[in-house]
Structures are given as structure tokens and as C-alpha cells.
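So that you can tell them apart, the chains are marked A, B, C, D and E in the order they are listed, and the count of residues begins at 1 in each.
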């Protein structure tokens, strides 16, 4: 069975879903964040696969931007998590429910 | 231009009031009184300059506003609204007069009062659906705020909440109806202008499906605003909690907006819708007249009683509309004007009593006539005007409605007459008996009668009631030609295909328009 | 050859990703981070298979290198040795799984219905540095410049958020 | 492009100038930035014309047409006001106030790019530029736990929505083989039956729904609004939301009109649910900022009314579009007024409860009046901007009722929402004027520039409500760019 | 000339307005104004009567220049004053008796704090009453009809601090309103059928074609009669009149004896042409076929007369006795109308106005002398203390009993004669009533004026001042002589133009009753004699009423007026009160409570429930987001 776009998309979807699973189930903000990175990577995979499929480089350019943006996001996010930890000595989502209803 | 002055004078005065420092209390009062007084005089001038017997609009002014949507600032008067405008201006002045009871946030109160006045007058003068609605809302918001801030009684918060939500629902349903009406015009000729709309629908009938959809929207939207049974419970509650001036202006004038809308818009533009819904309206108005009359019989709080009775009176207007003939519709308009004066008078009285005694529970009162002969006398007059005593304008209006209703809705006319003559008299006389008659109670020994200045608004309102009671023709002659036009449209079910036929009289009520009787 | 590589790399990616999210043996963020590095590296392999050479390099350099170092750095900074074994609430587990299953079901179903099976066409363009660079500095110059602004903003933000003393 | 460059220069200039500005004079930087933006705004009027033919750059990935120009001006205006607010609020931000200004300006730049986005790459990057700036802006009061908490929530959920967006873009652009919207528009009719394409599009929309706080991504808004510093909340509520809307309009009506035409029911449901969700949840709410958060969800729903109406007639969606733009303009002034008042209130006390408003009418009649007008306008009552906006939106929706009866149900939902909203907006007005117990009766001082800005907002609300003509004209011109 | 009638009408109103607005503080001036107005009206009326009398007849009355009050569609209401013998006679009575009572009041009410108010009310009443009399159409009549009710309300409730007076006023007005309800419907019915409300036009139409009313003729006639039933206090709406005695006595004399209560009878005579229409019933009432409206009216009148006379036997309050006597006499008049005899009815109305006013004023004189003592058993022996009052009261009594040559004899005889021609039953009934009348009147005279002094107050009683006695004396004259003035013939001439007779001379006039209906005259005379004998037997020198001992049950029933008030109270509370209670309950709990409070309540509850989603937990939010997206995906992709 030849490997086609479908297969890559499957991998991408599984990756996306695993990331989602992490976001929904893990309590540690850092791990949630890693899961989000997984989701972005899933999208990247899909973009690259389609780029190959269409023989167009636009998708790859977007991946480039996604990686850059993700890096920036990670840095801001981690800084935030550090700031939170300093303030609250926790990195668990359950501890962040002061605002509700 | 005159109408524009009448509308914008109070609004400008409100703006000006904002600049007056709140410490200058007399200045604030003088400006408010002066503005409403001049407005009243202008309205009187308008009333006098109005050419009786002509059917069309007079004093028209059109200023394009939002061309792309087809909204114009278009004001004008005909027989239907001329009386309402006069009545509104008079009541506004009276309301400003009785507002001496307000002591906190005076400035805000008068600003809101003036805005409400401007809105009310604008709503009645507008010949453009958008402005018609716009001004009504403009008047409605101050009502809510005034009840909320200056209201009274332990039910105040609930009453504010209730009246706000109720009237908002009514207004929004109306808005949808009006928009839907506007959209019935062909896309290139769309306009919110009532004159344009009537002109268009005179020649081109609206599709029946649209009529059956839009008419109930307007009927119930307006109905909620006028406390049509069973959407009436906001009225007694709200008026019971409202400060005097607000209750006067709202119950007296603003409430008539819905009725005016029904007569001006719903009836002539949607004859088929009217045909199928007026029967239901007839039943509902019996709910107003008889049912709310009975409810009023059980009230022990004066304001609740007046509120319920005012709901009951609205039933006569609805009956007049439902009967759909010249006599009843003319009567309905007359009742609207008359009830405006009366409701304002009643609430002014109850406000005075509340201010003096701190209660409106009728069981607390006894023999007050001794303490307050003037207020008591006026209260007796108001009570009898309320149960349809000849000499007051209400009688003439109700008489016309009953005569008219007999032609088309006999059983309803009988029930309405029962409500007018018997039930109304029962609760009104009970109120007089409990409050004014009986041995004088020592508790109220300190209660003072109105001094000369405070008598003024009462005298003014009674005078208006009597004037239109003695000479109802001042109004009916003005109403008639306009009502004829509306009825012609409302009773013409399918417009003839050819323009030439359209010129011929189409219904029994047709009379050459523009011909005055004397 | 390519197919074999795809299956191997694909499997690696999925397994490592699973271990990032739900490692049955360790709940430590460090372990997760290490597996994330592995997953990303496998993904870079897939990129190579897809002729995206430049991106594969960037993936390894930026992600596996910079980003993951950052993660580890923060983990160390926060001194998070082991995630406390808080019990995962059944409710959140069930709800999480439900929504996950729902979305995965939809996704898979959609892919299957799309008729995208069949081999990839012959590669006519290569995702090399030159080709991408040309695009980046012509058609995609604007987003490229915007990203620079974005990085500036992020930098300012990070400095502000992590500066120790507040003055 | 010149406008964006100017804005970026302002943003960078702030960072540079900060180095030489002594701490006690840093608020001048805020005024300076605001002034500079005023100049840019003025220049935009002088230099560009709404009715001009669209101009393109960077391989048609950047578009300058009426719509983008309208929104650029809109964002500029919002940013100016938010900057002034930030100056007033500066004593609540312990550190680095000039960076705060700078990030606002950078976010503004992102929004202005978003207004011009004409392909998915620019769309993605501009969204991210906005979002990352907001991550920082949200958690700027990092000594306050709520601010940090809001930041984290915004961060995680934002990143989640980004992941959805990117994945969606991957599928859409992959299936279409293009990133550009216009190209996509040509291909989308053929792709409309392709489930994977539709799926990708829905993912993109989910990301945009996050920006505008609409169903199904509305849930973050209350928490984030509540925790963020007041100026950030204001900018988030108006700027970020509007950016989401301009992108939404572009995607739905420039990129995939053929698909949008099939989505009337979906858009109606989303709009209705959003309206009802926001309003229902707001009923028992006592925290002012949180209340405004819920209300902003509801307003997103009202704006979506226009989108739903447009979807029924994708060939010529001007009526609904103009209504949206008009509504946004009114919402701009209204919301900024409300937040300006909140800023001043919160500057002194932490109390965000409605009861903190008690006695406001005594402490500052101007603020009390402004807040009242703002609430009245939000409730959609004449003569303020909110009324005419709702009027236009409802008109646009009712107009489509003839073709699809579902629009009548949508109208019913909208009306229900409006009625509910009147209840809680009047609760606020009541809190201001009701004779209640208020502990603090100290008068509130307002700086002259801020006072001017307040007057400006109030005038804007009134002007839009009473003389809507010019804005309607502009909106129509702007939206006719979407006409096919 | 004819337009001077407007002056007659409006002078009293003018005085009422002036008093109300300006001269309230000056009691004397107010009284003089009011008296002046009514006297001026009297003179003008007299002048008009003399000037126009000869040229008028009932069908072609004159009409003063009308004033269009309302004209909408086919409803045309022009207020004009109809001048014909009937109305001219009536305005003379109203202003004449009215003037005397005004003057009498000047003495009777002096010192009362509400003196000005009293005269304002009296003037307003005079205005309203004249309006009824002069009305040329139904609507105008209805207008003044209501105004009369209103002024009566004001005057009955004059001493409003007394609960009884206040209640009586309310009751009077409400009971009248019941009648007016029918009246108004009748007016509308006639207008809807014939298209006019003007008396002359209606009369013309009906006389030309008696069938013009079609099936509505009987219903219409009876509805109009409802108005008369209320105002003239006919059974079953009679309950208000005795209570109305709570008003000042001159008011009772003017309103509740001489004029207002007679308005019903006057109105029936005015619209008597209605009953000339062919009787017919709508299909729903077909079981009444064969009964015509007049019969109903006659029997209601007769019944009222008998009922009131019986009740009067056991009343002890001097004014209540007179009130029931008034009721009984009104019943007589109504019966006369029903017996196709408007002219006897009017005749009796006129004479009754004189002698009943006289009786009431006499009673007022007694009451004021005894410091408001009204119980006859506490009087006694007043003949010597108040000779003039006694003499005039006795004359009034004789006139009421119908002893020749007092005026009452002639008018009552005319009614008896009419009864004898039409219905044996009613004739017997009328004779019985006549006997009872003599009985209770002489019971009153014996107990109050003769016999021994029974109380402290009576012992110190003095004759009333001249201002009160003079009207008594003046009224005594027509009470005695009115039968000889040809009023009966005058009326007969107008109601029956065919039966024109030469104006008879005095002697013929005196014995005319024996001439044309000897049976009636003899029976009438016999009734008087019987009645007097019984009264003498039972009450001459009695200190205690013997009847309660002999017939306790009957006496109790009579004292309680056959329990009408109680029954009505029950009836009202069973109907209106119960419905009101139900409506109020429904309003409070179902509409306002369940529907209105319930809807926002449940909406709010829903909102509170909905926002439970906002747990504050990030992962919940993420979950909701994902679930939402999944739902949308599912809906769009698998619809």
C-alpha cells in the first residue's frame, strides 16, 4: 500500500488528538503546554503533507511562521508560568479557579 | 416648524439643565416649568391654528435623515394626533408642577422629565415609523429610571424590573412589526414614512400572508404597551411605584402610543389582518373593561386602584378600534385624550395624598375631605369622570365608543356599558367613600390642603376635562375627517385593480372628506 | 523504502507523542519534555520524507533545540520534580475522552470520505533553503516582517513577566 | 501600508524613548503615543478614501480597500482611547508602563494588518501578533493573582484556538492549493462538497470565534475580562473582537462565499446561542468587568446577526455588513465609555462589584452620566448609537425572513436577549443612582485629556445615534468592498 | 322668547359655578346667589309659560336654538331645549317648588359649616333637573339624568362624615346606575334602529308607522323604562330612596319627593310615544309574546306602590315614613303611565310635588325644632308647640290621602279611573294602596302631633322661624287648590288632542271626578275613610305601637323592609364581589404571579444554571470549546 496524503493526515490527526487529550486531561500547565505544541506540530505535518501533495511551497512557508510564532508563544507562556509559580507556588490548573461563575 | 419647536423645546431645555449647577434649585425648577409651560402654549397655538375639517396632515415638515434606509424626520398633525399632542403638553406641564415632591437628585429628575416630554410629543407628532418608535423609546427610558430612582413603596424594585421588561418586550415586538412593514415595500421604494407607506398600500394591497404575520405583531406589541389584557399587570404595579410625575406622563400620555399606533398604522395598512384579529381584540378588551374593573374593586391601595381603572379605560379604546366604524374610532381617539387628562389628574391626586400622608392604603384614610377640601373635591371629580359622568370628556368618548360598538359588536357593547356604568362606579365610589367620607381621623390632622400654586395643575387638568366634556366637538370635528380616511383604508379589503375605481367611495362610512359640518 | 520509513517515523511520532501526554510510568514533566523532543525529531524525519528539508532542519533546531531547552530550563527553575499524583477525576476523564472521541471520529470520518487516498504526485518542488528563502523575501515578506514585530513584542513581554524585581 | 509603518514606528519609539524618560514623567509617553496615533488617524482621512478602488501588495496578500481602511481607523480610535485609559490607570500598573503603551501599539499594528489580511498567512501572523501582545497585556499586573490567572487562561485557550486555526488553515489551503482569499473564492464552489475542506474551514472559524468570543469559543471571555487590567479588557473587548470580525467577514465573504451561502442555518444558530448565552449568564452577575465580559459575548452574538443576514445574500451582503460596521462603531464608543469609567473607579479601589458604583452620581456626575449613557446604549435604546445599530441589524435579519423562516426565530432570540440585557444594564444604572449605602464619597479626579476623551466618547455615542447618516454611508462604502 | 329657556337652564349652573369658584367663603352671599338664580329662573319660566302656552301642543313643540354637542357619522346630538306644555309645566314645578325649598333651606341650614357647598349643590341639582325637563333628545336627557344622580349624590352625602349618609349617597348613585345601564342601552338600541335620538323625530317615525321598531319595540321600551325604574325608585331598584333620607331634609323634599324622583315619571310621559309602537319581542323572548311593555310597567308601578305602602305602616322615622309614601306614590304614577294614562300620571306628579314637598318641609321643621330627633314615638303633642307646622302638615296629609277638595283627590282619582278602565286587579290594588296611605299618614299625625309629649326635646320644641314657615304656607296653597286649576284638563288636552273639552268652570271642576268615573271617586273616598278609621282606632292617643304585639312576624318583616337590603347585599356579594375576588386572585396569582413572575424567574434560573459551566477551570473551558466544535462539526458535516 503506497503511502499517500491520507496516511500523513492520519498521523497528523492522531498527533492532534493526542495533543488535545493532553490539554484536556493533564493538570500540569507545562505538560498542557507541551501538548499544545504537539497540536501545532500536527498542523505543521498536515501543512507540509499538503504542500508536497500540491507541489506548492506556500504551506511550508506557513509552517516556518508557525514554528517561529510557536517559539515566541512558548517563551511568553513559560514566562507567565514562571511568574505564576513565583506568586502562587503552583503550576496546576485546578489552582487557578479564583474567577468563576 | 411649530411642531419641531414643540418637540425640541423640552429636549433643549433638558440639555440646558445639565449645565445648571445643582445647587440652584429654584433655577432648575423654573427652567423645567418654563419649558413645559411654553411647550404647552405652543401646543395650544398648534391646536388653535389647526384647520378643522381638513383631512390631510397639517404643519408638515420633512427633513431627510438617513436616506439609504429611507428614514426621514417627518412630523405633522392631523385630527388623530392633534388632541394627543395638546393633551401631552398640558399633562407635561402639570407633571412638572407637581414635582415639588422630589427632593433628591432634583436636577436629574427634571432632565429626565423634560426628555420624556420631548419624546412623548415627538412620538405623537412623527409621521415616520422610525422616529415614531425612536421618540417613544426616548420617552420610555426616563420612565424606567424615574421609577427606579424616585419610586416608592416596598415593591419598587420589582415594579421597575417588571415595567422595564414588559414594556421593552412590547416595544421590541412593535419594532419588529414596523420593520417587517417597511420591508413589505418594494426594495427600491422603501421608506419608513407613514404617508409614503399609506400611499403605497392604498394602491397595492399587502399580501395576505404578510398581513396575518405583521398585524398580530403590531397588535400585541402595541397591546403590551397599552396594557391590553392579559398583558396588563405591569401597569398597576408600575404606576403604584412610580413617582407622581412619571405616572402622570406615562399613564396619561405615553401609554396612548400603542393605541395611536394601532389606529394610525395597523388598521389602515393591514385591513385583512385587522379583519381576522379584531374579533380577538374585542374579547381581550372585555378582559380590560370588565375583568380589570373587577380587579380594581378589590384593591385597597389607591394607586393600584387607579392603575387598574386606567387599564380598564384602555379597554374602551380597544373596543372602539375593534368596532371599526367612524363613530367608535372617533370615540376611541376622544377617550385617549380624555383619559390622558384623567389619568394624569388621578395620579397627581394620589401623589399629593401620598406626599402628605405617606401612605396610599385606603383603609388608613377616613374623612379626609374635611382636611383637604380642594384636593378632596378634585378627587371626587376625578372619580366621577372615571365612571363616566357627563360633563367630563371621558363621557363623550365612552358614549361614542358604545354607540359605535353597538353597530358591529353588540354583546361587547353591552358588557362594556356594564363595565363603564356599574363596575367603574362601584370602585370609584368606594374609593371616595373610604378616603374622603366618614368621620375625620385624628391621625391626619396635620394634613394640609394644596396652596394656590399647588392647586394650579389640578385646576388645569380639571379645566381640560370639562372643556372637552362640554365641547367634545372641538376634538371630534378634527378627528372625523382623519378617522374617515383611516377607516376607508381599513375597511377596503381588496383594492380595485384600476385607479379610477379607487376614487369612488368604497364603504358605508365614506363621506366627502374635507367637508366640515358647520 | 520511503514507505517503510514513513511507517517507522509515523509510529515513532505517535508513540512518543502518546508518551508525552500519557506516560504510564512517569508523570514527571521532564520525561514528557524528553519524549516531546523525540516526537519532534521523528516529525522532522517525516518532513524530510515530504521533501521539506529546510523545515526539517528548522524543526530540529528551533523545536528540539531552542524550545525544548527552554522547557527544561523552566522545569528546573520551578524545581518541579514530579507531578503530584493527583487523582484524575473520573468526571473530567470521561468528559475529556468523550469530546476527544467525538472530534476524532469526525476527523477520521471526514478524511475517509474525502477520497484523498492514492499515492502522492511526483515532487516538482523541493522545500530547500533557496526556494523558501525566495518566497519569504518576496511574496511573504509582509508576514515575515510582522513576525519580527511579534518576536519583539514577545521579547518585551517575557522580560517584563520574568523580571524578578518589580520597580 | 504607511499607516501600519507609522504605528510600528510609534510602538518602537515608545520603547526607545522609555530609556531616557524619568519614571515620574512616563505618562507623557502615553499622551505622546495617543497624540501620534491621532496624527496617524488624521492622516488616514487625509490620504485615503473609503470609496477608492482596492489596492494590493505582496502578491495580493495585503489588501487596502474600504473595509480595511474603515477598520484601521476604527482600531486607531480604539487604541487612542485605550492609551489614554492606560495613562489614567498607570498607578495600578507597578512597572514598565511605557512597555504597556508599546504593547498596546504593537497589538494595534497587528489589528491593522489583520484588517488588510487577504491570505491565510497574513491572517495567521496578524492574529498571532495580536494574541501574543494580549498575553502580556492581560497578565501585566503580575502581582495580582487574577491578572496572572487571566493571562494563563487566555494563553492556554488562545494557543488551543491557534492550534485549531492552523490545522484548519492546513486543511483548507491544502485542499484548495492556495493561501490567497481571492484565489480561494474562485475554487471554493468546487470544494464546497468536500468534507475535509468544510472541516478545515470550520476549524478556522472556531479560531476566529475565539477572537470574537462567540459560541462555541465564548467561554473564556468572562474570566479573562475580569482578571485583566481595565485598559486591556477594553482593548480586548473592542479591538480584538473587531479584528476577529474583519477576518471573519473576509474569510466568509471574500474567500468562501459559496460555502457561506450554505451556512445560513449554522450562522443563525451560532448567533442565537451566543446572544442567549451571554445574556442569560449575565443576569446574576455582580462583578462589573465580568458582567461586561458576558455582555461582550452577547454583543458578539448581535454582530453575528448581521453575518447571518449577510450569508443569506452573499452576492450583495451590504445591508448586513453595513449594520455590523455601524454597530461596531457604536459599540466602540459605548464600550470605551464604560471602561473609561471603570478604569477611574478601579484606579482607586479593587472593588469591582456593582455596589462599588453606589454614590458615583455624587462622586462624579460626569462619570455617572457617562456610565448611564453607556449602559443605555448597550441596551439598545435611543437616541444612542446602540439603538440604531440594533435597528439596522434587526432590519437586515427581518429582511431575510421572507426567504428563510429561521430568521424570524433568530429575531425572537435576539429580542429575548435584548430584553434580558435591559434587565442587567439597568441594574448598573440603578446601582449608580439608587439611594444606596456607599462608604466612599470622595470625588474622583479626572485629568483634562481623559475628560476630553470621555466627552468624545459620549459625543460619539450621541452623534452616531442621532446623526447616523455619515457612518452608515461609510459603512456601506466599506462593506461594498465585499460585494462580488 | 324661546331662547330665554337657555337662561332658565343656565342660571342655576352659573350660580353653582360662581359659588364653587369664588364665594365659597361667604356663606350668605352664596345662598343669596343660589336663591336669586332659582327665583329668576322661576320668573323667566313663568313668562315663557304665559307667553308660549297657547301656541304650543305636545307634538309640535317649539325648540330653542340648538347647540351641536356631537356629530359623528350618523350620530347627531344637538342639544336643544324642547318647549311644549309638558316641559313648561314641569319647569314651573321645578323652579317653583325649588325656589321655596331654597328659601326654606336658608333657614334650615343656617349655621352649617357647609352652607355654601349646600347651595352650590342645590343649584347644580336645579340645573340638572331643568336639563332633564327641557331635553329635546335622549342623549341630552341621559346627560342630565346622570348629572341629577351626581348632584343627588352630593346632597345625600352632604354630611359626609356620618357613615350612614356617605353610604346612602353611594347606594343611591349605584342603584341609579343600574337603571341607567338599561336606559343607555335602550337609547343606543333606539338610535341603532331608527337612526335618531331626537324625541320629535322618533315620535314622528313611530306615530307614522307603529311597526317601525320591529322586534325591538318592547325590549326598547322596557330598557328605557329601566332608567325610570332607577330614578323613580321602582321595585326592584327602590332600596336607595329610604336611605337617601340621610340627606338634609330640604334636599329630601326637593330631590327625593318633588322633583328628581319624579323625573322617571316625567321621562316616561315624555317618551310615551314609544309605547304606542306595535308590541313585539325578539325571537329569544318569544315566550313573552302577548305581554306588552306597558303592562309590565303598570304592574311594576302597582307593586311598588303596594309594597312601599305596606312597609310604611311600620316605620317610625318621620322621614322614612314620608320616603315610603313617596315610593308608593311614585308607584302610583308609574302604574298610571302603564295604564296608558300619562296625563293622570303627570297630574299626580304635579300635585304630589306640592304636597309631598310640603310634608317634607313640615317634617324638616319638626326635626329642626327637636334638634334632629326623627323618631315619631319620641314626639307627640306637637300640635300646640308648632301650630303652623301642624296645620300645614295636616293639609299636606289630607292632600296625600286624597280627600276632596284637596288636590290629591283629583289626581289620585284620575289614576283610579284609568285603572278601573283597564284592569280590575290594578284597580283593587290602587284602592288598597289609597287606604294604606291614609292609614300610615294618620298614624304619623296621631303619634307625632297629637297625643302626649313623649320626650324631653319635644317638651322644649318651638315653632320654626318665619323663613321656614313661609314656604310651608305658600306650598299649602297649591296642595289645597291645585285640583281646581285645570291642570288635569290641561294635560288631558295635550295628551289626547282629540278629546278636547271646554275648559270647565270651578264647580264642574270640583265635582268632575264624580261625573265621569263615579266608581273611582267613591272607592277613593271610601279608602280614605277606612284608612282614617283604622288609624284612629289604633293610634289615637297611643304611646306604643300596637301592631308588633299582635303580628310580631309581620311587623318584623315590615320594619326590616322585607329584607330587601339584606337580600341585595347577599346577591351582590355572591355575584360581583365573588367575581371580583376571583378576578383579583387570578390576576395576582395566575397572570402576575405565575406567568409574569414565573417567566423572568425561570429565565433567571436558567441563566444561573447555565453559568455553572463557568467553573473557572481552564480544562472545563477547553472541554466545552472542543465539545462545541465537535457539535458544530457534526451538525455541519452530518446534517
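To be clear about the criterion, a residue touches a chain if its C-beta (ideal position, glycine included) is under 8 Å from a C-beta of that chain, and two chains touch if they have at least 3 such contacts.
Every value quoted in this text rests on a predicted model; they were computed, and no experiment measured them.
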Touching both subunit D and subunit E (chains): A, B, C
Target subunit E, source subunit A, minimum contact steps: 1
Interface with the most contact pairs, given as the two chains involved: A-C
Greatest separation from subunit D - chain, by CA centre: E
CA centroid of subunit B to CA centroid of subunit C, Å: 69
Distance from subunit D to subunit B - Cα centre to Cα centre, in angstrom: 41
Cα-centroid distance, subunit A relative to subunit B, in whole angstrom: 64
Subunit C and subunit E, separation of their C-alpha mean positions in angstrom: 102
Numbers and ranges of subunit E residues touching at least 2 other chains: 600, 611, 614, 616, 618-619, 622-623, 626-627, 629, 631, 633, 637
For subunit B, residues that touch 2 or more chains besides their own: 161, 165
Where subunit C touches two or more other chains, by residue: 92, 95-96, 99-100, 103, 106-107, 110-111, 116, 140, 143, 147, 150, 154, 157, 161
Pairs of chains, among all present, that meet the touch criterion: A-C, A-D, A-E, B-D, B-E, C-D, C-E, D-E
Residues on subunit A engaged by subunit C in the complex (per definition of touch): 1-11, 13-22, 24-28, 30-31, 33-35, 37-38, 41, 44-45, 48-49, 51-53, 55-58, 60-61, 63-65, 67-76, 78-83, 85, 91-92, 94
Sites on subunit D touched by subunit B in the complex: 361, 365, 372, 376, 381-383, 387, 391-392, 394-395, 398-399, 401-402, 411, 415, 418-419, 422-423, 426, 429-430, 433-435, 468-469, 472-473, 476
Subunit C - residues contacting subunit A, complex: 2-3, 6-7, 10, 13-14, 17-18, 20-22, 27, 29, 32-33, 36, 39-40, 43, 46-47, 50-52, 54-55, 58-59, 62-63, 66-67, 70-71, 74-75, 77-78, 80, 83-84, 86, 88, 92-93, 95-97, 99-100, 103-104, 107-108, 111, 116-121, 123-125, 127, 131-132, 135-136, 140, 143-144, 147, 150-151, 154-155, 157-158, 161-162
Contact set on subunit C toward subunit E in their complex: 92, 95-96, 98-100, 102-103, 106, 109-110
Contact footprint of subunit C on subunit E as seen in their complex: 619-620, 623, 626-627, 629-631, 633-634, 637
